Amino acid sequence: MIELGANRYGKRAIRLVKVVREPGGHRVRDLTVDVALEGDFTAAHAAGDNALVVATDTMKNTVYALAAEHLTEAVEAFGTILATHFLAIPQVARATVALREHRWTPIPSAGGPAPDAFVRAGGATRTASVAATRDSTVVEAGLEDLVVMKTAKSAFAGFPRDRLTTLAEAHDRIMATRVMATWRHVGPAVDWDASHARISTTLLEVFAAHESESVQHSIWLMANAMLERHAEIDEVRMALPNLHHWPVDLAPFGLENRGEIFVATSEPHGLIEATVRRRGS
Amino acid sequence: MIELGANRYGKRAIRLVKVVREPGGHRVRDLTVDVALEGDFTAAHAAGDNALVVATDTMKNTVYALAAEHLTEAVEAFGTILATHFLAIPQVARATVALREHRWTPIPSAGGPAPDAFVRAGGATRTASVAATRDSTVVEAGLEDLVVMKTAKSAFAGFPRDRLTTLAEAHDRIMATRVMATWRHVGPAVDWDASHARISTTLLEVFAAHESESVQHSIWLMANAMLERHAEIDEVRMALPNLHHWPVDLAPFGLENRGEIFVATSEPHGLIEATVRRRGS
Amino acid sequence: MIELGANRYGKRAIRLVKVVREPGGHRVRDLTVDVALEGDFTAAHAAGDNALVVATDTMKNTVYALAAEHLTEAVEAFGTILATHFLAIPQVARATVALREHRWTPIPSAGGPAPDAFVRAGGATRTASVAATRDSTVVEAGLEDLVVMKTAKSAFAGFPRDRLTTLAEAHDRIMATRVMATWRHVGPAVDWDASHARISTTLLEVFAAHESESVQHSIWLMANAMLERHAEIDEVRMALPNLHHWPVDLAPFGLENRGEIFVATSEPHGLIEATVRRRGS
Amino acid sequence: MIELGANRYGKRAIRLVKVVREPGGHRVRDLTVDVALEGDFTAAHAAGDNALVVATDTMKNTVYALAAEHLTEAVEAFGTILATHFLAIPQVARATVALREHRWTPIPSAGGPAPDAFVRAGGATRTASVAATRDSTVVEAGLEDLVVMKTAKSAFAGFPRDRLTTLAEAHDRIMATRVMATWRHVGPAVDWDASHARISTTLLEVFAAHESESVQHSIWLMANAMLERHAEIDEVRMALPNLHHWPVDLAPFGLENRGEIFVATSEPHGLIEATVRRRGS
């Protein structure tokens, strides 16, 4: 005689970003949520009968719908709301919701924190590369894994359309990227640390302040400002993945998505690479 | 004076699975495709003018549409078709397409290779765990990272529907998973290697042969057969992620998707875990 | 006729930690260095003649030895010193050194920044888990990927020795770990965010301040303080990998290592897990 | 009152390779072992008393020493030997040993399976890149993540020695690498699949058969054979990390290491890159 022992099922890695749009500025909540249910699921296993099997796709929808309505407080509170929701399903005996929150902090700007540009806590690694021959030594400084997001002032429209184009024009989208940038020094800098700090600050300031028409446009504006304001460098290279945040369609649930609820994705992603330099360099 | 140097852009990590459904059985083509374009994109950078910027989303669509029509031969041939397509766009001077193919091989069955079940080349790791106290020694054998796929005989229907349910019933879907399975031995086996081989074979045979109503159902059937056929074990534990393969909507491109073109995803994924055992064990 | 084209070789992923021990406190420099050389290496390829092939193991040694002597300034400066060193080898035509610096910041303490405890920039993720049944709801809060290091007040001695023991007793070692901690709430907290901040602060304060005899001892002291100072929780669980930092033997290079130069490793690592709770909880 | 709850500790990710050198050829056993102990460890936590704390470093040593003596059978059997060993320590109440075995299979050669060259199961991904301009289309085929090992016929000696050189000369070492290779086609091949299979076979055959003086030398010999035997290509590029396998010093345990027990490492690693081509191509 064979029997079913402990069992559970659910949805893992539900990636959710909520942009809370308040008068004083935006706030970003970025969660990864796992849901697991235990209960009366013997028939699903032993008889292939799905009558009690809530689809894991529905669990995902639930996370997005309840986030639209209720995600304003701490993850412990949102987790409790979710667990309570799933426990209201009769065949569920235990609902376990695990949440991880990825922190974003506003990018400081001249007039106080920018209300609509953010940097993900942690991550940015300072980089340097020195390539020496007997004729010359080229020093490139830079950074990688600087994850930033604009929740306003980002558009992508006016692009060509053909039979294979389905993307809608976007006049107010989220732009998120993981910046890889290097800048080439004209010569040995007086103070590498100070130079790196100044140039990184310019990059972040322009990222927060500018009106973006595309990732290409953003690269150009950031690199231009870096070259114009910092005479010690003569070339900037950037590679920016477009970490797409797609708006979730809440209409089937009777809810409207006012640019608040997004699914964060990593595959596939756009990748935009460019070099900007002083003419003649 | 500042100018634009080398630059390119495109779409990375386009995940594409094509199931070629032939009379003698199915074949699986599993690709990751990167597209990069170079050409006349100065205005996009310097003026924020997107008139010549083919959307990277369109590149993704192109890969799926041309895969539906043309992906039957080697990746070198398909890459050439894609590169030629993009080069037909006037502002493109160079199109680079990089492709990686992940191999799947048919799971052998009693009557020759199964026409509709596959194992991804490589990966499966044999595992063992020994937990000893002064009273007992428990040996669990198993495997992990065994990636398998059924291109037929997999359904998911009859599940509950509520306000938050949008998933359509599926009577013929792809099921793909990365098997983590362990089985507990009743006592010291005579020949561990032979036992491991026999039990793994049972797992694969049942995976290929059965009609699945859900992942839960599949776990039950596989674990049942493992216990029934192999007296040396008394409990089976499995954790199966549901690695969703979503059909691509080809209708906007004037094409029909006859269960052939899928996007392979990893986030979010269902996760189904269960223990099946001899009663009283 | 076949010929050798572009070629280079070197050492990647050289993991280097330097603890700069100054009167006012310690500073941590944490680098990953890649070295690549180009030059006259045709005979090595075409004739299997290694007479000009500087061993990549020697490159690794060079990075440690020069770090001991010269790593006090910016990575750009240290990279230049390394590249210049390699370029002094006659058969080398180009030396490229790429460096990534992982930032550590002092853990704040009551009396100003602690001089000998650090947290790695970025990374820490806030976690929560809610498990609800019809009888109870258990909320666990926590954090993961909080990487911290003590450069003083950490020992490991007095452990058993047998035929297989080769580890030397350490009375002043580096302790580094990636904290995974969860704490169970007695009931619904008044303010989850404030509670999380307070408890995390206690964890970090005790990490920085205590004299550690082992990782087990550190877990006990941190968990004890968390329970004693925060009545809203009744159980703490921690899993702490011991991210070993081994002192580099500089004696073959005629240098002394005064607790300054370490190789950071990740495999294998100790893992210490424990639950600490209020009696009766 | 605060008390210690469930707790355990041990060593994770112990990477062990054993080369069993038998008259008919070598066999490779490649394991990752985790050890965890439970027992009387309260004083270690609550009093910082290590008198009963077996060092995790000793656990690592134990795995290597017992592998030298006993690792000939299945991982279940070796795990039982390890668990029994740890359970003989009085303060240990439960020893749990988890093992993962990574399979290597002999590389087939003309005269049957090579006795001393192996390919790791799974992994190799076929690659292709097509770069098209209006003037030309360049097709490169290749593969990546092909992990191979030579347990004989690999040396590295005769390299320069200076103050910073500590590496001993090796006349019989293990060479392991993860092959990344691409080959450029002269024109559209008649049969891409057949061409890819033929060229991959040449690469593996030469890897297994040749006497290697260095990784550079191996690249040259493999690339040479690929160009000589396959007229459809005119350039080969390879990047080969040197995945170092260091012999474990068993002398402190009263054992001799006759080229059998190695620790597999990934950081740091040598990286050798070269292009080999037909002259004039």
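Each chain carries a letter (A, B, C and D) given by its place in the written order, and its residues are counted from 1.
Everything that follows uses one rule, which is that a residue touches a chain if its C-beta (ideal position, glycine included) is under 8 Å from a C-beta of that chain, and two chains touch if they have at least 3 such contacts.
As the structure is a prediction and not an experimental result, all values here were calculated from the model.
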| item | value |
| --- | --- |
| Far-end chain from chain B, centres as C-alpha averages | C |
| Centre-of-Cα separation between chain D and chain A, whole angstrom | 36 |
| Distance between chain centroids, defined by C-alpha means - chain A, chain C (Å) | 27 |
| Distance from chain B to chain A - Cα centre to Cα centre, in angstrom | 25 |
| Multi-chain contact residues (two or more partners), chain B | none |
| Overall pattern in which the protein chains touch one another (line/ring/star/complete/other) | ring |
| Those chain pairs that satisfy the touch definition | A-B, A-C, B-D, C-D |
| For the chain A and chain B complex, residues of the former touching the latter | 1-15, 34, 36, 41, 44-58, 60-62, 65, 156-160, 162-167, 212-217, 219-220, 223-224, 227-228, 235, 241-242, 252-254, 265-280 |
| Residue ranges of chain A in contact with chain C within the complex | 73-77, 79-80, 82-84, 86-87, 93-103, 121-134, 137, 139, 141, 144, 185, 188-189, 192-193, 196 |
